Structure formats: structure tokens, C-alpha cells
């Protein structure tokens, strides 16, 4: 096995091995566990750095393992995969640090971090999957490794949320499996390729291909929380904050959206999908999801629940971008995959900080928290501005590409949807910011766990991650034109998907 | 519901019966006549009686497994009998057996006369099996019958367990069979239960002797372990 | 050894007899040693089959039809290897189990030895009367193992099981009698061309009788009624052996007869009927599993459901295109292997839980996730295989079966398989859900030996790794 | 039709009588007797068909001997279990619903 073949495998191992070891560590081995976690995350980032450089240089990183005659597990690091991998790995490091601080002194940390690492492994697998079978393989693995994290607290509510999640995700998986097997039956092998692989099928198969597309999108739409398949996501907010971060930004929702990107671009091929009239319905579903999620977010008093509905809406931006025929829409959708992750994880980190530090869970309890926790609140504000799409934030970049994409695709109505959604975002985020900064503090916080000491408003490990991601939110916009921005990568991806090279 | 199911079973049985009769009456003559092959190979089998030849040589492997079936049934019974006092745990008392219609001493005298004769006959049957009807199973059945007779006459108490000696007795014959089979399989160019030329008759007699003793004990065990329940109460015959 | 085949039968017979000589509760070490040797032998045989193709062995040197032949092809090789692989961790588990729970042991060791001898003999047999004798040996040992548990429940279940198994082997033997009466031979090799050439009505009836007899023993719906009390009521190591292996033995015979000797008698209607019964088993078994209140009964009903999957392969291999049939057959065998490993692990894990908390009540499992994490993890991994989720062997099995179904345009079976997987996930989740709750007041977790936890975990992880190494299994299966 | 075939036909009838008894009779002893009738029927078929052309067939006779031994063993085990059940429950019946009632939830 050459180095280039083993690198994708090493990517998996850098989180799988620490995860497995952590399972068998005693609860008290705090230092070793944290070292393993962080070392794994850093190693993964180093590997990614090397591979990013390699991908730009035109190296190919492919690992193949024959599962059955004619059926292979393929791990391949292409541009799109690297984009997702980088996002996941970077956010994994931050989330791990955050989780170490967040779960301090709580029970079953070995179990938690073990599954946490498995979950990231599965996400990396989803990202690197080189064919539909491999994608499905890791996609289901992701479902299974997330379940123990959602039920982690062992309360009735957590277990109910876990079961709802599992019911949705497994049913989605079953639908997806049907589509995948069907497609394999038609093609023999469904390896991802720029421009798609099914276009060669004769017109007599077009009916079947439409049904398969529906099955695939429905299966993936569950994780991507497309309306009406989004029911599990708001329920799952009972999980600890690092898990919410994982669900909303790093792994689960992203895996669904990423899968839709792969299916549209690299299985069907965007032009073939357009010729089958599949993109417009997809755009309509995305648009409905965007509006519906935003509307529902308006009425939520629970902070994390509001953020969850916001995710429903924001992830659909990615789908909308995919469904807008034309490279600009693609760039907008793909780059939003990264931007939404960075922004939403900031918000969830902050929500976790409010809950952990002051016991704040509701929007109505947040009055004046800005003065008690200025740094957290700054980060939160940046995230919120990004979601609304204000200039100098990552959200602005993706939105502008999406809007242009809508015009180019001749779907001006999509532009209106985006504008409306921006307004709705402002409507449900600005009141929070107003309460944060301009309302006076209450007599006592609901449940103050961590007392302020000098300028330290909360534990350092809780504070640094949201500040880093908030900074990244701004950086992604300010340095959008450099060679290392997500936008640059999104452009590379779009170039390849439209076979413009 | 129960009635309907019962009726269904009966109807199915009748249909199957009709089908079986029809099929059997319509049977063509068979292509292969194993009896001829048995006769042709009888000389090489080491015995002269064809049924014994089939049982202990041509299809000796079936017999090997079959004696294991008997033995496993005995173990199954032992798992129950050796629960000891739990036999009557639920307080259930079987109704007392009716008194024998004749005086027990007569039965005992008869048993004392018959049992040696039965053992002798068993020996004869074992030896005769090589060339006419008879063999280990018949001999063992006779031995077990002797045990049953002794028990009924009150001369042999019922068994509640198999102690080490009885365990050894009941397994030795079978184990000898298994080891003989292993030896034939281990022999160079040998196959499982392929007796070396010239040794077949001798080996079969040895195996049958071992089987007779062990199977006698096992078959007797079938009766004597079961009869323990009935007499486990306050009966003085114990 | 040139020919491992007869030794696979002789070895367990010898160590079981020695274990009996040593008396009640003795012989655990003999079993572990004997099984280790058997595992090596099975691996050797599998190696020979893989390199040189199917092997025949003439018992007594006579040859069929006068004598009895042993025959080991790829399918037999897979099952022999599977049996020893599953049984070895289970006997290690059983030693630890009965060390804590000694009054249930009785003659567990000799019976297990005879059980394995019967299984190995059955897989190797190529003579229908000999198959009947091995079936009886298998049935009586299994009944003995269930009954050894004592108590009215297990004894009643054992007796019901005994009567069913006797009825089943009776039907089988009548079939044998009819076949022998028609052709004058019992050797499968001799019979195959004869049946191909001409099959009078009696042979069809015989095949039907044998099939029904074997279905009874395999516990296919609606003949499953005896299975849950027998498997659910026995001690955990016994449940594991029975559910993982014993029901597979009779299924193996159905498959073997269906594919070879009786292939000319097979009709599409019969295949579809078996498929429908399999579907009913999946649905009924799963729903009943979801409704159970006792952990081991849930697992036993899960066996009823999982057995149903095996029968879905018949409509897929009968009168369909060769590619779909090959895929379905591979899927069926993978399902058999994956289920054996997973179900053994699951019963073993349940046994550990029951030993530790002293009860079997699904609604009162709170705290298991914190006190017995490895055991719960084992249970969950086994559950993955049952639900057919990646990366387990069950997933590969389901993938192959679904490919077979879609390849032969029988989409109805796809729906059945996929919804069956979801139902399995539902009943596995019911257990996990309870286990994640906090400890109920008054529950005492007594410590259990690590051997119990790790041997079960080994089985579960094998069922998982099977998903990544299935080419080896399928390669062995394909050796003709 | 030879006389041997009459044995086989009788055997088939006995088999079915035995099967019906085994399934339908609730009393355990009768079930066990039903099993024995069934087994005898099979043996008659085996010998009868084997010798239906008039010649003596040692192979089918040997198989019947084997079958008889197996059925003796099974009967002994069944009797032992039945007696044990009688001792434990005071009834000569299978606990629960009885055979042929598929899927009835067995009592714990």
C-alpha cells in the first residue's frame, strides 16, 4: 500500500483509534483521554494540510477495499471531500476542547468521547466516500454513533429525543438503501465522478431514474432536515451543547446536505438532473424549508430550539444552491456548507455557555447577559449577523453567490426567498441581541454555575472555541479572495462539477 | 377455533393419507437393489448375517450415531432424575400401584431362575448375531429385561442416579466403539470404520460385546430411572 | 491429518463421553480443549475445500450406495467453520456462567459435546437416512439441554420441543422411506441423477414431507410456537447454542436438498410460499419481540423473525436469472452466518445482564449502560447485525438479498426486508432505551467475571467484522 | 400388489393416525403413544416398500432396527420429561396453550 493509498485510511484512523482506546479508559484518566483526543484531532488536521496541498498539486488519494465481488469500499480525497473534511476536522478540534470544558465532572466521559470520536470517523468516511455504497455505509454508521450521544444524559427527554432521531434516521436510511441498491442494480457500480455517471442510461430508464432520485433525496433529506422530514432536529436539542454542535454544524445535518450535493453533481450530474426536470422541484422543497424553518424559529422561546429551526432553514440554503442550475449557485451552496457550519457552531457554543454559566435556556432569560459575559455575547452577535447575512460575515458571501446564482438560473423567485429569509432571520435574531446588550440584568441569574473571576466570564475552554469560530466567520468574508478561503475551494469544486476545465 | 384447527388437522391427515396410498400403489420398481450388493460384499464384511453386516459394517456409522442417541436420552433422563428430592416437590403423589395379583415370593423365585437364563440367552444372541437374527441390541434388551424383572420382583432397587461405576459401565462400550472408529480412521490409508482385512469379524464381535453391556445398562436405566419416581415415596421396596 | 472430516465428528464424541465419565458439572476444560482442536480441523477442512474443491469421504471404505459417504462442499465448510467459531467462545462463556450459576449446569458439557458432534455429522452427511439419525441426535441433545434447566417452565418447553422435533423427524423419515422405496438408495450423490431422470408422485410427497419436517425443526412461522419458550427458558449458554446454531442445521438441510438432489422437484409456487412464510415470520416475530416483557423472550422472538429472512432466499433463487439467484444465495448464507454470531453474542450478553441484576425484566434494566457498558455495547453491536446496518455482516447479507430481489424484479421482497430491518431496530432499541435510564432504586449489580463480558464481545465483534471480510466467506461458499 | 405393499399401505395409515394423535390428544401419555404409532407406521412403510418386489432387503431391516432404537430412546426421554412435568405441575398436559396454536404468547 502506497502512502497515497493509506492516507485516507489514516484520516479515519486518526479519530477511530483514539475513540476505541478511550472507550476502555477509566473515567478518572482525564489527562490521557484529553491528550488522545486532541492529539488525534491535531494529527488529522496535519494530514489534511498535507492532502490539501496534494490535491491542489493534482495528487490522487484513493483507498479501495473489496467487500464483495464487484462491490468496493472506496475512500477518495477529491476537492469536495477535502472541503467537508477540513470543516469537520477543524470544528472537531474546537468541539473537543469545548466538550472537555463543558463536561467537566459529569459522568461517563469515556463513553461520550468514545462515541464522539466514532461520530467524527463516520463523518470523515461520509466525506471521503468515493462511491454511493461507501457513502451509505458511513452515513448509517453516523446515525448509530450519534444515538448514544443524544441519549447521553439518560433522562426520559433525552431518550425520547434519541428514539425519535433514530426512527427518522433509520427510516431515511432504509429509503436511501432502496434507492442505492436500485441504482447499483441498474449500473453495477456507482462511483462518484464529475459530471455524473447515470447520464449514459437510455431514455427508457428515465422514469426509474426519477424515482431513484426521489428515494435518494428523501433518504438524505431526513438528515438534512428538509421539510417535512425535519421533525427530529428540534427534538434533539435536549442533547448536551457539544452534541448539538456536532449535529448542526460538524456532522449529521451536513452529511445529509453533502450527500445531496454528491447525488446531484456526481451521480446524476447537474446537467442531466436539469434535463430530467429534477432541479426545480428540489429548489421548491429547499425554498419551502427555508421559509418554514425561519417562521417556526420566530415563535420559539427556548434558545436552542430557535437555533435548531434556524438550522433547518439555513441548511436548505445549501440545497437551494445545489438546485440552482449554474456555477454561481453551486459555489454559493457549497461554500455555505462551510459557512453555515462555522456560524452555527458559534451560536451553539454560545448557547451552551449561557446555559452552563448562568443557567439561561430561554430567550426571555437572556436580558443583560451581554454585560455579564461580553466575549461570549460578541461571538454570538457575530454568528447572528452572519446568519442574517450582513456584510463582512461569511453569511454575506454565500448569500450573494446564491442570489446571483438564482438570477443566472432564471429563478428570480429564489432570490426573493433568500431576501425574505434574511428578513426573518433578522426578526428572530435581533431581538435576542437587543435583550443581550440593551436590557438590564435581572436580580439573579436562573442558575449560576460558574462565577465570574475578574475578566474571566466563564471557563477558558468554553470561551475560546466560540471566539475562534466567530473570528473565522469574519475571516471567511474578509479573506474570501485568497487561495485558502472556503470560497476558493468552492470555486474549484464548481469548476470541476461543471467540467469547465 | 380449537375445533376448526382439529378438523383441519384431520382433513390434512386424510388428504395426505389418500395421496400416500395413491403414490405407493403407483410406484415403479426401484433401480438399485442394495440387497444384491449386500450379498455380493457379505464375505468381506466379517459376518455372515446380512442385517448384522449392514448394521455393524456397511452402515456401521449409522449405528455409531444411533447408540449415541440412546445414550443422550439417558443423559436427558439423568438431568431430570438427579434433581433428587425435587421429583415430588409439588406435593403430587402418584396413586399407589395395585397390589400384584399373586404372592411376591413366587415372582421372586421366578426372577431368580429366569435372570441367569436371560443372561445366558443374551450371550447366545450376541454370538448368534454374526450369522443369524440376533446381535448386540437384542442381547442388550434381554439384559435390560432381566434388570426390569429383578426390579419388579423387588430384588433390585430403582435407580435415582448413575454413580461413577455405572457411568463408566454405560459409556465404556460406546467409547470403545468410538475409539475403534477413530483407530480405523487414523490407520494409514484407512477410512472411518473401515476394518482392516481379516479383522472385521473379530472387531465386530468386540464392539458388539462392549455395546451389549453398555446398552443393557442404558436400557435398564430407562426403566429403573423412571420407576424410581413411583417408588420414591414411603414404599419399602427402596 | 489427511481428512479432517471424520475427526470433526469423532472429537466431540470422545470429549463428551469423557466429560460424562467425570460426572455432573465436570468437563468444561475438556470442552474448551476439544473445541480448539475442532476449530483447527474445521479451518483445515475449509482450506482444503477452498483450494481443491468439494471433498468426498467414504465411511468404511465401501462407497455409496452400499456404504455411507461424507461430503463437504463450500456450504458445508462454511457451516462447519461457523459452528466451531461460535461454539468456542460460547463454551468459554459457559464455564464462567456456570461458575456463578452452578445449579443449572447438570450434564451441560457432555450434552454440548454430543450436540456439536451431531451438528458436524449433519453438515457432512450425504446420505438421507444418516441425516435422519443425526437429526435425532441433534434433537434429543437440544431437548436435554433445555430440560436440564429444571423447573416447570423449561421442562414443559423441552417436552413440547421434543414432541415437535419428533414429529418433524418422523415426517422426514417417512420421506426417506418413500425415496428409498422408489429408488432403492439413500445416497444423495446416487439419488441426484435418478430424481433428475424420473420422479414419480411418491418422491414429490417425500420431498414435501421432508420439507415440512425440517420447517418444524427450523421453527419457520407458523411452526415457530415451540421456539420462544424453549430458547427463552433455557440457561443463557444453551439459548445461545440453540438459537445461533441448532435451528440453522435444519435450514442447511433444506437448502442442500433444495439446491441439489431435489432441485428438479422444486416449483415456483413452493418457493413463493416459503417466501411468504418467511415474510410472516419476520413481521410476526418482530412484532412479538417488540411486545415481550422479558429480555430473553424478546431475543427468542427475534430468532423467529431472523429465521424468516433465511426463507426469503427461496423465491429469489427459484426460476430467476442466475446473477440474482447467486446474489440471493450468498445473501442467505451471509445472513445465516451473521445471525449465528450475533444471536450467540446477544443471548450471552443477556445472560450476563441477568446474572448480574438477577432478573429478566426489560422495563427494569436501568443502569445497565453504566454498570455493564461492555455487555450493553455487545448487545448493541449484535443488534446492528440483526437490523442489517453497516458495517455489520447482517448489512452485507441484506445488501446481497436486496440485490437479488431487485435483480429478479421482485420488489415486494425488498419492502419486506427493509421494513423487517426497521422492526428489528425497534426491538433492539427498546432494550437500549431502558438500559440508558438511571439505576432503579434497590437494584443490586453483582460483579460478573470479565470472561463473560469479553467472550460475548468477541462474538459480537466477529459479526461486525464479517461485514468487511465477507469475501473470504463467499469465496469458501463458492468452492464447488 | 404384493403382500409387502399391504404393510406399506397399513404403515401409511398408522403414520397418520399417530400424527393425528400426537397433535390432537392433549394428554401427554397419549401424545407419546401417538408418536410410537407414528414411528411404527414409518417402519412398516420402510420395510414394506423395500421388500415390495418380494425379495428380502437387509438394508431396510437394518434401518428399521436403527429407527426402533431411536424411537425407544425418544420415548424414554419423553416419558421422563412427562413424569417430571407431572411432578412439578400435577398435570399430564403441556403448559400453556397446547400445540398447534401458533404464536400464542407463552406464559412466563
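We call the chains A, B, C and D, going by the order they appear; numbering starts again at 1 in every chain.
Keep this in mind: contacts are C-beta pairs under 8 Å (C-beta built on N, C-alpha and C of every residue); 3 or more make two chains touch, one makes a residue touch a chain.
In this text the structure is predicted, and so the values were computed from the model without any measurement.
Nearest to the global CA centroid, when each chain is reduced to the mean of its CA atoms, is chain C.
Ranked by number of C-beta pairs in contact, the top chain pair is B-C. Centroids built from CA atoms put chain D at 17 Å from chain B. Distance between chain A and chain D, defined via averaged C-alpha coordinates, is recorded as 66 Å.
Computed centre separation for the pair chain C/chain D is 26 angstrom, with centres defined by C-alpha atoms.
Once the centre of each chain is set as its mean CA position, chain A and chain C turn out to be 43 Å apart. Within chain C, contacts with two or more other chains are made by residues 129, 133, 136, 140, 143-144, 147, 155, 178, 181-182, 184. Residue positions 16, 20, 24, 27, 30, 33-34, 38, 58-59, 62, 66, 69, 72-73, 76, 80, 83, 86 of chain B are each in touch with at least two other chains. Residue positions of chain D touching 2 or more other chains, listed in rising order: 8, 15, 19, 23, 45, 49, 52, 63, 66, 70, 73-74, 77, 81, 84, 88-89, 100-101. Taken pair by pair, the chains that touch are A-C, B-C, B-D, C-D.
The touching residues of chain C, counted against chain A in their complex, run 330, 369-370, 373, 377, 384, 387, 389-391, 395-396, 399-400, 402-403, 406-407, 414, 418-419, 421-422, 425, 429, 433, 436-438, 467-468, 470-471, 474. Note for the complex: chain D touches chain B at residues 1, 5, 8-9, 12-13, 15-16, 19-20, 23-24, 45, 49, 52-53, 55-59, 61-63, 65-66, 69-70, 72-74, 76-77, 79-81, 83-84, 86-90, 100-101. Within the complex formed with chain B, the chain C residues making contact are 3, 6-7, 10, 13-14, 17-18, 20-21, 23-24, 57-62, 65-68, 70, 106-107, 110-111, 114, 117-118, 121, 129-130, 133-134, 136-137, 140-141, 143-144, 147-148, 150, 155, 178, 181-185, 190, 194, 198, 200-202, 204-205. Looking at the complex, you find that chain B touches chain D at residues 5-6, 9-10, 13-14, 16-17, 20-21, 24-25, 27, 29-30, 33-35, 38, 50-51, 53-55, 58-59, 62-63, 66-67, 69-70, 72-74, 76-77, 80-81, 83, 86-92, 94, 137, 219, 222, 225-226, 229.
Looking at the complex, you find that chain A touches chain C at residues 23, 65-69, 71, 73, 107-108, 111, 136-138, 140-141, 143-144, 148, 151, 154, 156, 159, 162-163, 166, 170-171, 173-174, 177-178, 181-182, 184-185.
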